[in-house]
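Input: a single structure, listed below in structure tokens.
Chain naming follows the written order as A, B, C and D, and within any one chain the residues start at number 1.
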């Protein structure tokens, strides 16, 4: 098992590297195209279906500053796949360098339990949870903007802010009653 | 000669004729130019090929690049001809493309077919090696009797014989198919009345000349490993015709030469339109 | 929906994690043991019951009705008839089969379709088309619908202001135009809102399990589930399980019944059981086709006892289990209520 | 005019969509130029039908003519109705040399021996298919032209495609076919679909199959899109591999359009987490039906996208491999083998 480590490589100058993990490979390409539009810093995007990443890319893979798990809420598999990928991340990533993005949260076929499960997962790992609209270009752009903000901090490009600090402010919280059955 | 003499007799308008000839001459000149250019390219290609075969040093190649603008294209063309030659040689000595699949648990064999130097369809067989040889997947049409071939040739012990027989069947089939295609393309006056998927039966409607009864020509290819028919049969309202020496000759011509060529000859002989 | 709200009852809107196993309620004829005190109903009019079982219903949710009185159904009948007639005059295309017809609406109470004291009685609405003559044999039922609340969450029901009646589940069958008309009349009269009630994966899985659980008492004939997988073109997978085998699998994933306290409340079913049941079915499928059904969406569940689709079409074919099915659906509808 | 002819004509015209009516009638060539002129194809269908019925009377068309028209329409629009494939087995030595005229004559005479009143019309289509239209009657009734059976056969191939055949007519047709094609046995090929072309292409292997080669696969080259240098796919190798496997299993290019595949599973339930079920002696019975507008394409996408694991299970790849879409799956005997074998219905 090869863990992806946050500090095993040197950072590039004015460069931020983001890894998008999505089992369905639906949103990641669009999101990547929106992310590389950024001009202030060089953004490198790596796309993966799941973790672990293949060994042969190890050498020329830059240091990954932020790992984003994209979960399509209408698919149980999407959530399961993200959950399974988590164990290939070095614990160091959970100090503000992991983020969850969910899509299709408004779809009627989404069982509320699944959203709860994602929120619990994000909360237990102290990660932020971003809701994204994947159907419209505007939705993708705004999701990309939000991820960029986190990415810049995670890559150490924002003075006076660290990933750990930001994650303390943005991490997902779970309402205390989430486990109680309705109304009872 | 006869035909030419006849055509010379019919010269309607002298002036129009001159113009026509002039145009013809111009065209021929153009053609000469084209051929010259082509020839030069071929020459260069030849040079390239020889240098390639000698495994030339980089310097020489550099030199070539300066010589012509299209050198890169020429290089590629040279490489291509070299490869096709190699491939042809490979097939000539009876080679099949075989590669291992599934970590050595199976192989995939490609049987390429060609007719008159033209590569036609390639057929593939995926074969399991264990516990015994077994064809697991292929794209050979169902009318090629693959199953009986495996039994006849004993796939287990005589794999090579099996492949050769199969290749024979496939080459004959694609050859017949190609002949039929050529007949349809080249002989507009010949009507294909009937044919089948295996191309083992061909019924052609031949026009002897305008006003004369049509000839129905049936070609049967009972030997499925051959591109030539086993039986040729003519039918005509004029009962005498099939027995005439001309048509007797046509019959043997059709049996000995591929149908599109035979028809071409019959046309030049003036037996059909 | 608020994530920060701290009033537990109002933020946690999710299906119960466990529910009582459906018991057969012979709600029409058989008299029941008086010791089951909270089954207040005694008899449901067999005609009404037959109507409920006859058709497939398109479900909607309805927010609580303001000043709805079960005592004024006669007057509602007149008013809705008049409303439809008025709309028709305004050119609303309510022609049925192209015939010139009058619409006669009748409201009625379906007695006994409740489980707790807080449940409001079910209301049945029928629209008949007559040929000008006011009362005639030729009157055909062209539309029917009902509003119900079975086993509604008592906390929620009690928290409503006094003038509100909560009948959150609305089923309709018949012309879409009439459905829209009836809904708009309700909106005007009782200041409520209607919305489509889709059934998500969990809800459909619950139904599959609940129906399968009934098998020993009343055969389910088959358990049929339809999934769609998100590929182009969409792939539909119909999974039909032999009833005996479905029951065997279901009983194997149930927790050891010894642990349960078998009281008069009956055996309870846990969401975990349902999930294990579905997982079992999916893994059997995966073993054969190496294709993960979790990637898809459950669209339909059906057995001889009833069928339900994702888009909110439900058919209940067996009167014995109508209440447990409606309980689940009421719960689904209640999630859509404003809090 | 005969009432039955009128009815057949009426039915037929109703079946042909408006935009196809003119080309079909043109191809038929039974209308005079003036009559063609008189037909207004913008008219509603019922009016056109009336007009054609009048022409029918005027020209004294017989059943033969109507059948001609019907066959033209059906041959040009073969993707209608449900088609079932049958396979001929155990050929005689002369099976490979059966030619059309002989087949026609043999088939007609064999069928007439079996059924007294039967109308058979055979037509050779340009794609080398022989089209047979059979209107069945019995000892007392005349052939019913309203419900004809269509049979399509390519001579020298072991496949026959049939549409609208009742179980009563099946043995009769089977016998006539077996005798006239010089085979010994005919059996159900377990393949059916609404598109004749699709089931034909599948069985005749007339679609692009993909085989492993040592040359760089054109599949991967095709999918390399020029993208931003800042975006890199980590698992492109795995994705290309999945695509290759999916293409090897289902083919490439335009795939034959099958609508469904059905599997009757009677296999043991095995699940390490469920002891009770795994210990059951009896198999777990269920029926799985896959349906799509283009089933093979959908399944291929499942494999390329990773919803279905690769290599593709033999159960799914059997559809194109064996040219079947109905399977009964049982465990292979009582032994410990986990391998499943497909057995005939």
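In this section, a residue touches a chain if its C-beta (ideal position, glycine included) is under 8 Å from a C-beta of that chain, and two chains touch if they have at least 3 such contacts.
Note that the structure is a prediction, hence the values are computed from the model and not measured.
**Q** Kindly work out which chain lies most centrally, taking the average of its C-alpha atoms as its position.
**A** D
**Q** Need the CA-centroid distance for the pair chain C / chain D, whole Å please.
**A** 42
**Q** Please report how many Å separate the Cα centroid of chain B from that of chain C, as a whole number.
**A** Result: the chain centres lie 71 Å from each other.
**Q** Distance-wise, how many Å sit between the C-alpha centres of chain A and chain B, to the nearest whole number?
**A** 60
**Q** Scan chain D for residues touching two or more other chains and write them down.
**A** 305, 307 - these are the residues of chain D that touch more than one other chain.
**Q** Which chain C residues reach two or more other chains?
**A** 292, 295-296, in rising order.
**Q** Please output the residue numbers of chain A that touch at least 2 other chains, ranges allowed.
**A** Residues 24, 77 of chain A each touch two or more of the other chains.
**Q** Kindly provide every pair of chains that touch.
**A** Touch list across chains, by label: A-C, A-D, B-D, C-D.
**Q** Sort out for me which residues of chain D touch chain B in the complex.
**A** 96-97, 99-100, 124, 128, 154-159, 203-206, 209, 211-214, 321
**Q** Touching chain C in the complex: which residues of chain D?
**A** Within the complex, chain D contacts chain C at residues 263, 265, 267, 269-271, 274, 276-277, 280, 284-295, 297-299, 301-302, 305, 307-309, 312-313, 315-316, 329, 340.
**Q** For chain A, which residues are in contact with chain C within the complex?
**A** That would be residues 24, 74-78, 80, 108-113, 116, 173, 175-178, 180-184 of chain A.
**Q** Along chain D, where are the residues that touch chain A in the complex?
**A** Contacts found on chain D: 228, 230-235, 237-239, 305-307.
**Q** Residues of chain B touching chain D in their complex?
**A** 97, 99, 101, 108, 110, 124, 126, 136-143, 145, 194-198, 200-201, 220, 222, 224
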